[in-house]
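For reference, the structure discussed in these notes is given below.
Chains here go by letter, A, B, C, D, E and F, matching the order in which they are written, and residues are numbered from 1 within each.
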C-alpha cells in the first residue's frame, strides 16, 4: 500500500492510494453549508461518491453517466464509504461545512472499496487541516480516530488478506471490515455467495482483518506526519 | 412472526410475512429461460427486487417509479435479498429457469429486509415445488438448506433482537445476519453509524443472531410442512 | 365487493377493496400544505397515484421504478383517480392540506381502476374524519357526495357489468363510469378498440353503470357507518 | 376547420388542420415491418405520438425532451389518438406495415386532441393510398370508415361545441367524442372536474357531438376527393 | 430564403424561415426574470432550444421526449444557436428578462442550424420590439448588430454554399459560419470527417461564407423594415 | 506538454497527458465487433467519451452519473474527439474492431479538450499496434497521419496559444484547431462569445494554431518512437 498526498491541486485533500495494481484517487472537497435538511443544525456533513473509470477494469466497463443511471454496486459502495468516514468525525466540531469524498478508481485489481476508505480518511484529514487553517471549524479537533479498511477472503479453505481480483473472484467467502486505530469496528460485511461459512471461519477472518487494519493505521499515521502538501489558507504551511 | 402461504393467486410462490407491525409480501415468479449472459449454460437464476409502498411508512414516502430512479437503499437491499437466496439453491438443478423474488413492504416498522429474506425463502420453496410438479427442474432437489435473517441492535448498551423502527433508529450498532438451518452464515452486515463497537460486542451480537435464525428456521419448516397452497401443474396437489 | 377499512396503521385512511380476484389497497395520506402553485390560496389538494405490484398480474409485469419511467396506462389511471375524487370535495373546506391517494393493486383480475376509485373514496372519507378530529379543516363538512366507479363491457353483443380480465380482454366495447350517490356522472370513458358501437348501446351501458354505482354507494355508506378504525388525534374515537 | 394535405414533403401523409386559432400538423409515416411483439402475425400496426411545440401555448411550455420525461397529458392523448385511428383500419389488409401518426401542435387554442384525430384520419388515408400505389397492402381497401372527433362543453349551463381555450378552461363539463362517418361511436370521454353532470346533460352532449362529427366527415370526404398531393410510388398520381 | 414574420400568435416573435425544402419555425418567447444564477445582476439572458419534428426528415426520426434524453447533435446545435444570438445583444440593456428562442424544424433538407440562426435573429428582433413597447427594457437599443449564418461545403473538390441534404451528406468538408452585418465573425465550425482540408480551402470557404452572410443580412433588414406583425403592448403598432 | 504511455495496465493504449496543470488520462480500449448498424460492413469504428472527475475543477463539479444525464458540453466534446480521431484511420484496414477512446480529465486548467485529442492519438496508435500484434487488423497500416489539437485565444487584443483557465475565461475569442502532421486541418471551432472578431484575427489565429500543432506532432512522434509499453499479444514486444 502506497499513499501519495497532494495528488491534485484544487481539492482541500487529494490522495492517490496504490495497492498492488489497484489505484484509487480519493479527493476531499470542502463546501460551505450543509444539505437543506441539515441547515441551521450547527452540524457538518460528510458524504462520498465512488466511481470507476471505464478503462479501470480488465474489460472496459460502460460509463454510468452515459447509461443515465448509477448501478447497485456503485450506490452500495458510495454509501459504505460515506457511512464509514462519518464514524470518525464530530459533526458539531466540523460546523456547517460539507466535505465530499470522491473516490475514483483509476485501475482496479480487487479491493477497490477498502482502498477507497483507507485513502479517503487521509484526504479527509487533510481537508480538516485546511478548514482549521481557514478558521472554519467550530472546534479545533473534529477527528476522534482514524479509519482503515481491508478485505478478507477464504480461498481454497484458507483465510487470506486483500486478494487481487483474479483470486477474489473465486473466493468462497468475502468480507470487508472497516475499523479504527482504537481497534474497534465500524462496519463488517461478510458475504458467502455460492457457499456459506461457519462461525469459526467468521472469527478467524475478523482476527486477520483487525491485524491488517492495525498496519494500515500505522501507515496512515506516518504519511500524515508529513506537513500539509500545498498552501494553506491564511499563509500557514 | 407469522407466515401465510398462497397470499396471491398468480405467482408460483406468494407469502405474507408479518412480524410485529412489519408486513412484507414476498412473491416468487417463475419464468422460462435465463438472462442473456447466462443463456446456454444450463444454469438457472434467482434475482430479487425489494420495494416499499409509499403508504407503508409512518410518513408517506415518495414513489421511486415517479422519481424515475431507484434509491441507494432499495438497490442495496434488493441485491442483499438476491445474494442471500442464491446461497441455498443449486443452479444446475434449477435448470434454465429464472425465479424473481418480489419483496414489497406493505407496512414498515423495522426489520423489513430481514423479514423479506425469511419470507422469500418460503416463496422460493413453493416456486421450486411448482417447477418440480411442472417437470421443469433438471434435478428434483435444488434446495440445499433454508435461509433466515434477523437484525440485532445495541440499544443503551444492551444487545437486542429485531427492534421495531422507533428503537432501531436510536440503536448504536445495527447488524443484519443471514444464516442457514445448518447454523452457517450467509451474510453478516454490521454497521455502527455514529459509534464504533468492540470485538466482544460483535461476538455477542452473532450469538443472539444465530439463536434467532434457528427459531425462524423451525417456523419455516413447520409452515412448509403444509401442502402447496393452490393447484399444481399436472394435477398434483 | 368487500371493503376493509384500517388495513394499514400509518395512513389516515387505508382501505382494502376486494372484488372477485381483484384486490386493491387504497391509502389516503395527509400532508400539511399544498403544492407550490397552490400555496396561499387557502385551498386544499387531492392527488392520486396508481400502481401495480409486479406479482399482481397473471404473468409478472416489470417494475416501473426499475424501468425508470411510468407507463402511459399508469399515468392515465392515476390522473383519472385524482380527477374523480376531486369531484366530491370542497377544496376551501379542506384548507391547505394535501391528501395523496395511493392505489396499489395487490392482485389484478379486471376492473382495477374502478375498484381503486371506489376504495379511494372510503379512504378519503377516513382521512377527512382524521383531519376533522385534528381540527385541521377550514370547514367541518368538505365532502359533498360519495364517488363510485364501475366498468361495463359488451361481450358477444351483451352488455355486462364488471368483467373479470379474461372476459374483459375480449370485450368489444369497454366503458368506465364514475358516478356520485346523487346519480350524477363524474366521468365517462367508453372505448371500442377493434369495434365501434351505436348510440343505443351507449345508452344501455350507461343504464347498467348507473345501477351498479348505486349499489356500490350503498355498500360504501354501510361500511362508513362503522366508527373510524383506529385512534383519532385529540383522543376522539 | 381547414384541412391542407401535402403540407410536408417526406411523410406518406402530411396534413395541416386549422380550427379557429388551433393548428395541428398530422404526419403519417410508413415503415416496413411491425413491432417485435407483432412480427409474423401478418397484421399491421398504427400508433400515434402527440406533442406540443413549446411556443404553441399562450405562455411558453417547457419541452418534454429537455425535462427527460413525457407528461401524463401527452401520454394520454397519444394513446387516445392511436386507439381512435386503429378503429377504422383492417390490420390484416394493411399487412406487416407500421404507420406512425405524429400530431404536433403548432398553435393551441382549445380542441387540439380532437383536431389531431380529425387530421390524423386524412393523413392516414393518404398513407394508405401511398402504400397501395407501392403495392405493399395485403388487401386494397384497409379503411372501413372515416374517423372524426369533436369536443363538447357545458358553459354557463349551455351545451356548446368546440370551445376555444379561454371558454374551455371554465367549462363545467368537458367531453371528447370520437365517431365514424357511419354515425357509430369509437370513444367517449366525458369529465366533470369541479362539477358533476346529469344523465340528460350527457345525452344532449352526445347529440351535439354526433352532429358535429357528421359535418367533419363531410369535410374530410370533400378534401380527400382531390388527388394525392405529391408523387406516388410506381408513377401513379 | 424566405422569411415570414408573425407565424404564430402567442410568442413575442415568431418567424418561419424557408430555404429550399428546409423550413424552420423560430419563436422568441419573453419571460420576466432570469435564471437563478443571474438573478439580481441587472442583466438579461438569451437561450435557445433546437429540435426536429419526427416527420421533418426523409426517414422518420424518433422523438427525443419519448427516448427520454436529448441527443448530442441537438445539444450541440441548441448551444450554438444560443451562443450566436447572445453575441448581438447587450444584456444590461435587455434588463432582467429572459428570451427563449425555440427553433423547431418542420422540414429538413440540409442547413437547418444555419437557417435556425438566421431566423432566430428576426424573432429576437421582434421580441425586443415587443419588450420596448411594453417598457420593459433597461435601455432602448439592446441590439448592436444582426446575426446570420450559412453553411459551406466542399463537394467533388468545389466550394459550394448551402448544400441540400443529399449533397451535404457527401461533402468532404462542411463548415458553418455565423457572422454579423458588420462583416465580423461570431462562430466558425469547420469539420472534415473522412477527409482533411488545406489552409487555402479554409480561406476560400470563409470568402464564400462571408459573402453569403452579407446577402442574408440585407434580406433580414428588408423584412424587418415592415411594421411589427401583430398587436404591441400599450397599443403601439 | 508531457506524454506518458502505458499509464494503465488493462487498456491496449493508455496515455497520461500533462499540459500546465491540466492532466488528462486517455485510454484506448479494443473490442471485437462493431456497433449493430455497421456489422457486416467489414469496417471498424472509433468512438470517444470525454468526462471530468468531480475533483478536477477549481470548485467541485457534480457527477453526471449522479445527475442521470450528460451535459451539453460533455456531449459536444465527446463528439469532437471521436470525429477528430476518425480522420486519421482507415476503417477498412482496421477491420470489424471497435476502439473506444476514454478521455478522463484528472485535473483541469484550460485546454482539456485539445489535450484529450492530442493524447487520444497516442493511445489510438498503441491500440493499433496491439491489434497488429494480435493479427486482428485487415491491413497492417490503418493510420494515415497523426492528429493534434491546440486552443488559441485572443486576450487583451493579443493572439495567444493554449491559455490556462484563468486567462481563457476572459478571452474575447476562443478557437480550437485540430490538425494533422501533414499540416492539413481536421476541425476548426472558433467562438466569440460576448465579442465578434475580424477575418484578419481569424487568419492570425490559424497561423498560431498550425504552428502549435506542428510542435505537438513532433512530440507525439518522438514519444511513439519508444517501444510499446507492456506486453503485446503473441509475445511481440
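Note that in this section a residue touches a chain if its C-beta (ideal position, glycine included) is under 8 Å from a C-beta of that chain, and two chains touch if they have at least 3 such contacts.
What you see is a predicted model; the values in this text were computed from it and never measured.
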item: Smallest number of contact steps required from subunit D to reach subunit E; value: 1
item: Shared interface partners, meaning chains that touch subunit B and subunit E; value: none
item: Pair from A-B, E-F or B-C with over half of its contact pairs in common with D-E; value: B-C
item: Equivalent interface positions on subunit A and subunit F, same or different at half; value: same
item: Cα superposition of subunit B on its sequence copy subunit C - rotation in ° rounded to nearest 5; value: 180
item: Geometric centre distance via CA averages, subunit F-subunit C, whole Å; value: 58
item: Distance from subunit F to subunit D - Cα centre to Cα centre, in angstrom; value: 49
item: Residues of subunit C touching at least two other chains; value: 68-69
item: Chains listed in ring sequence, where subunit E comes first and subunit F follows it; value: E, F, A, B, C, D
item: Of all residues in subunit E, those that touch subunit D in their complex; value: 8-11, 14, 21, 25, 27, 29, 31, 49, 51, 53-60, 63-70, 74, 100, 102, 104, 106-107
item: Subunit C to subunit D touching residues, read off their complex; value: 69, 71-73, 75-76, 78-79, 83, 86-87, 145, 175, 179-180, 182-199, 202-203, 206, 210
